[in-house]
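One chain, chain A, appears in both complexes that follow, with chain B as partner in the first and chain C in the second.
Moving on to the complex of A and B:
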């Protein structure tokens, strides 16, 4: 083993905690949750330390490497600034979501174990510098989420979980074939065929990039999700318990975007450049379509799910603008979206707990009894619709700036999505908190615990809103690299591609 | 005593097979002196026989030689398979301990079936191959039937026997045709005849094709390839669980070894790759679709065996000898482990219950439930398990040999069959209203096998080099017939 094991500790600490949970006696769910939270909290501290100790630049830091199957794959971890910000997002999201799982009393240890396993898978994915390892984490991620939906979900959980799994697995198995192919092309003496850093020097012939890129892109698009591969999303979001929906939308969707950033663009630059009109087109359709459905949707969780589809479309647009600002904004917005969407789903969970329904037409008047809840929701919703001063604004602004400079009409279309966002977010806010009281009693205020959960998220929302600079600044060198890689790749001659 | 060289007798070459077979005879004789209740003690000499055979096999390691005029060969390939078979027999012996009534001959028959499997891996003549198939099959017919008071086992044995005898007929006829077209039964002789222009004779080429087709049908039956798989579910369900476990891994591996050696050895690839590709695609797709409907765990594993045979065929077609052997090792662990879990939970009368009976097992029996879930996740090829790493290697060989479409079909079959396995995992973790299966105390032998299965799956999953190094030394030295 070379290098300090910091990233290994960060990655596997939640899993260790999950296993230790089974030492807690069966009936003591509260104790088990405290133990789980302590491990998740330790991970937050460690990732914060990581961000503090990291130095600027585009390189992969904290690398550690152990031989595994020499000349095939190795256990190789490392983090650049994209990884570091996503690690922070992951550890905070999971800590808050686990802390918000007070409603889970049945089989509590199994639930917490699966949450922690999912956290390990997400963290590991963001620091893998080996494609084999990447794929392992990518797949392992699916199992706990599937079991969480099926074990603790709503009435239609079986259907939703199965759909989630079919979509994601089919796509990721195709990615496996492409991944195997890419490694075979990279086979040679002196390096691991699936090692990420050696793959960066592979420079596949442009004509050969298209098929593997599409296979990878499909897996990422399903995971995000990107229109039209999103149909598993509304059901899974609606049926999963609120904390699971929160991490599903807050963290797992980032895995798809991260895949584009880490693998899609650097390994297949020519293909990415040739295919970008299609990706951008789907992203824009997703933005408009998601916003319009969100305007009409009655189920609050589905509403936020469709809104999330639109927001993720804008982020992907920023990534595929191949522009420095667009990429920086994309990464910033990945973090932003994660934070406010986790907050949104957790707040929706609290509302559902009080009202017994998520139907926005049946809600109303909650603000009278629960002004703090209403205020929290207001802040988060405003952050989501991109109000200046809150975190959503800076990211969207940078993305639109990048897109605007390269493709004017795309920026205009994306702007439409931003405008629609105000409409559906305000509609949700009004329906839930204002107007006549729709349900008697029950509309109690946030408990101290529930408010405590929101504090870190609200703090991040304000902090990034006021001082957004650190994220794009730290990511800039990596973004430079990416833009250069894509811009100078020779054209592939793919029919229908336009190049730039 | 001096044996003239013309007989080419060299007993040391077949010493692992001989040791196992003779200990089988000894066990049968010992059985005469024991009362019925004491019969299970025969497991001790049986295990000793397995160990003895393993010692002989280890002593031969590194050699490459034939004997009996090219009828039997010893090379790292045959020895590597010998170790696999011996592991399977050992685990099956442990599993058998929980059978309510051990009929006399159970242990002896198991050892003889093992001898047959070892002969199959060592066969460098079609006659030896046939001997191996017969020794294995006849022992298995009896082992399936030897379940006193279990009508389903009798039915299963009869079905297996009738269809198996039929398939053996095909195999024998195929061998006859191959002999007719080339004038030889040893692999080396056939190879020489083919390269020496034997096919210029009238009809020889037709005979060769017919012979090869019949030969494939015969072995395809043993391997349970689609469309020769119809017997599998009923027989697997009816047979005593330890025997099912033995069949699902042992027979498959042995038939695969024989197929590998004879195909790679005698026929130019152009001749059999198209046929086997079709069989592989059919096996993968049909097997994975059929598995979806299964609710009985033993039937489910039977269909899983069919799909897994498809994976092996993909490796065979893409010349992935190492991946195939690796996958077989991983499959041995996960399949035997899963069967052991079923065996541990079965009540005396009913073997391998329906899925609902397994509900909530993870709460009543946390360790066993979690182990079973892990084994099924490996069958579903979720990393980091042996099922995944093995499949990764098979995919590797398929893509590297320009069979990317087979790789896509393979992952499609994986994706489809995954649901059957996940249903089991979900059932294990679904709380049950009434108490289902959970005998108390659990049979020790079966629990040990589950444990070995889990450890093996983990090891094949995350420590591939432990297995790849011996396996590649075994396949690099793969010889058909080193001595003319």
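Moving on to the complex of A and C:
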């Protein structure tokens, strides 16, 4: 093995913590949670160190490599700035979500083990430089989430979990086929079959790219999810316990987008260019469709799920604009979306705990007793609807600028999503906190602990909103590279509309 | 102060932070001192800055400071910077000056409210965002301020959040303002793609050295206009303003009369170089303004709620300003903004005194005979009424006359006619309101309290004085202090010619006609409402049409709101669950039926899936290892 094992440590530390949890006596859930949090916290510190130690540029840093099955696949890790920001998002999201799992008392150790396993899978995915390794992490990710939904979910958990699993497995099996095919091509060219860096130089013939691209894209689209591959999402989001929904939406959805960025665009640029109208079309349909459903939805978690469908659609639009600002905005918004959606789902968990329901027509008036909870929710909701000055706006601005430049009418249509977002987020906020009080007695204020959980997320929301510069700046070299790889020639005649 | 204008900006933000973080440890008095203190200090700072700026030679009267870089992405560079020039200073003076008076007034008005501290945290937040809006030196941070005032407005409209009507009004205001934000959002994209910058300085410069296509300029100016009409409650995005009266009355005075709703005027005035390049855009501004002025004035004649009647008058008066800036008469429009801030804030505060005395009653039909009971309020309201009606000697006369005279001078006869017609209606509905409230005998049920406490009366009286004398800043044929003050701002870039009218070019015809019409409006109102009991209007259809504000709310509800929600419900229940999910699940079932022999694949056991994957992968691998 070469290089320092920093990425290995970051990746597997949560898993190690998860295994050590079983040394804690069965009944001591509190102790187990503290241990889990300490490992998650250590990972936050390590990823922060990683970001601090990393140097600018597009290259993969902190690489580690160990031959595993020579000439086939190797244990190869590395991180560029896209990975680094996603590692930060992952470690922070998992820490906060684990810390927010106080309500889980039954089989607490198993729950925490599965959360930590899921964290390892997500982290590993974002640093894999070997396609087979990527695939392993991709599939491993499903197992803990499936078990978390089925073990600790709501009344319809079994159905929701099964649907989640089958949906995702079916899609990734096709990806496996494509992955094998790509590996064969690469091996034929004399490289390690699934070495990512060598795959970058494979330059598959344009005609051959389409089918494998579609196979990969399907897996990514299901994971995100992208309209119309999203129907596992409302059920899974609704049935999973709040902290699991938080990481599912905050982190796992990024795996799909990351797949497009890391594999879809660079390995199959011609195909990506070919099918972009379809991808962009589905994305924009998802924006409008998800927003409209969110406007009418009664279950608060499903509402945010559909809102998320819309927001992820906008990010995908940015990625598929093949434009510098669109890509940088896309990465920025991946982080932003992760932060506010984790906060939103955790806050919804707190609301449900107080009111005993998630039905927005049955909620109301929480602000009277819980003004701090109301204020926290307000800030997060405003970030989610893209209020200028908060983090959601910065990403949206860059993305839509990129989309506007390349495909004017898509950006104009996406603006409809921005308007609808203000309507459904404010509706949700008011339904929960304003109006006459819907349930007597209940509705206590946020505890000090609950508030502490929100502090880092609120801080990031403000920080990125006021000074978003570092994220697009660090991602810029990679984004330049990606734009060049897709070798997209921007339409010359502005304002000529879409140009193609 | 000029070099450190960020201090002015930051003061109210500090107030918000202190009150919201330390609120529970602060007494009401301490909260009031902090909230009023920061705004008062900001006002003093603004005055100091104004004095300093006046000392500079005209061509240097635009002081910029860049504080930090917001985003850098390829060629895109956006910084956070401030610009202090006469235009922004005029707004800053009103925001902090009138804002300070309304803060003080609020101490009395909101004294009994259980969320007293929250109120002042919001009010300071509003001052901060509004200052940001007028002080930003580029379009992006303008948008940040723009969204911020929308938020503050939303929070304060819905301040009494246990009332369903306030909740409904708040979301309506927010969403309609976001529609405007989107207009500015898109305008920024077009501006950036045309001029590769979003800072005023570069954009206004490049718009002349490297002009964009005429169509692009028109699109930019129309999109900015979309933002302006949403914020300034002009046609067709005006409906939120009436419902915004659900907020506490000082909020109506500050946000929904004196400052925020005039942001559209600021935007057009700030972008004068762009509007100069797009006659279509400028004409659209003027037409929207004129139409709003007249339409709102007719609405004002039929309202029974005193605050909604004042809201109609706000929309109407802002219509005048928008019309003026659309016609390029920037100084006249901004002068009317100034006097309007005085007399409209005054009218709202006087109305607040009435509401305070009547225990929350806002219905004009249940008022009457209040002159004796509320003498200070009576005289103050009278001063405001005389000012807004354009009676000679009072501030509104000077600004409205300047505006209408110039309109006629420039040959816009139709818009001028619209303006004087609205002036007649203004005098009518204002005196209608005045007589209904103060003359005759009391018609309400609750026993009225006496005059409001001094902390409310003193700001009212100060504004009453300003509403009377504020107009003498421009004395027709003699001097034009406003024009002199603003002139340097309109010489920085191209397109400012004619922004400041010639004070010696008085149109006596226009003045005579508008004064006569104002007196006529007074006369009609006197005939109908003075010392009379309330009587329903003789034309039920017309009065219902006006009372319902031409059914815009009902129209939007039927065409946009309900269809969107219904579509969402159908998508959620039918499209998502039955069609898409049903299709996928059907596919899964089909596969299962087909491959009955492989049914174990869908067992739902994870270990079996894992095994399948591993076996499959191993088989494929093995194939290539050993046979390929």
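Just so we're on the same page, the second predicted complex is superposed on the first by the 483 of 500 C-alpha atoms of A that agree within 3 Å, B and C clash if a C-alpha of one lies under 4 Å from a C-alpha of the other, contacts with A are read in each partner's own complex, and residues count from 1 in each chain.
Basically, a residue touches a chain if its C-beta (ideal position, glycine included) is under 8 Å from a C-beta of that chain, and two chains touch if they have at least 3 such contacts.
None of the values given here were measured: they were computed from a predicted structure.
After overlaying the two complexes on the shared chain, residue contacts for A:162 are found with chain B and with chain C alike. Of the two partner chains placed around the shared chain by superposition, chain B is the only one that A:151 touches, whereas chain C remains out of contact. Of the two partner chains, chain B is the only one that A:174 touches; chain C does not reach it.
In the superposition on chain A, no contact is made by A:31 with either chain B or chain C. In the superposition on chain A, contact of A:58 is made with neither chain B nor chain C. In the superposition on chain A, A:139 contacts both chain B and chain C. Looking at the shared chain after the overlay, A:22 reaches chain B, while chain C stays out of its contact range. Of the two partner chains placed around the shared chain by superposition, neither chain B nor chain C is touched by A:48. When the two complexes are overlaid on their common chain A, residue A:184 makes contact with chain B and with chain C alike. Contact comparison for chain A: of chain B and chain C, C touches the greater number of residues.
Residue overlap on chain A between the chain B contacts of one complex and the chain C contacts of the other covers 139, 143, 146-147, 162, 165-166, 169-170, 173, 176, 180, 184. Chain contact summary for the complex, chain A toward chain B: residues 22, 68-70, 106-107, 110, 132, 135-136, 139-140, 142-143, 146-147, 150-151, 162, 165-166, 169-170, 173-174, 176-177, 180-181, 183-184.
By the touch criterion stated above, chain B contacts chain A in their complex at residues 362-363, 366, 377, 382-384, 388, 392, 395-396, 399-400, 404, 407-408, 411-412, 414-415, 418-419, 422, 425-426, 429-431, 464-465, 468. Residues of chain C touching chain A in their complex: 20, 68-74, 76, 118, 140, 143-144, 146-148, 151, 154, 158, 161-162, 164, 167, 170-171, 174-175, 178-179, 181-182, 185-186, 189-190, 192-193, 213, 215-216, 564-569, 571-572, 575-577, 580-581, 584-585, 588, 602, 604, 606, 609-610, 613, 616-617, 620-621, 624-625, 628.
By the touch rule above, chain A contacts chain C in their complex via residues 72, 139, 143, 146-147, 162-163, 165-167, 169-170, 173, 176, 180, 184, 187, 228, 230-231, 234, 289, 291-297, 306, 324-325, 328-329, 365, 367-368, 371, 375, 382, 385, 387-389, 393-394, 397-398, 400-401, 404-405, 411-412, 415, 418-420, 422-423, 426-427, 430, 433-437, 466-469, 472-473, 476, 480, 494-495.
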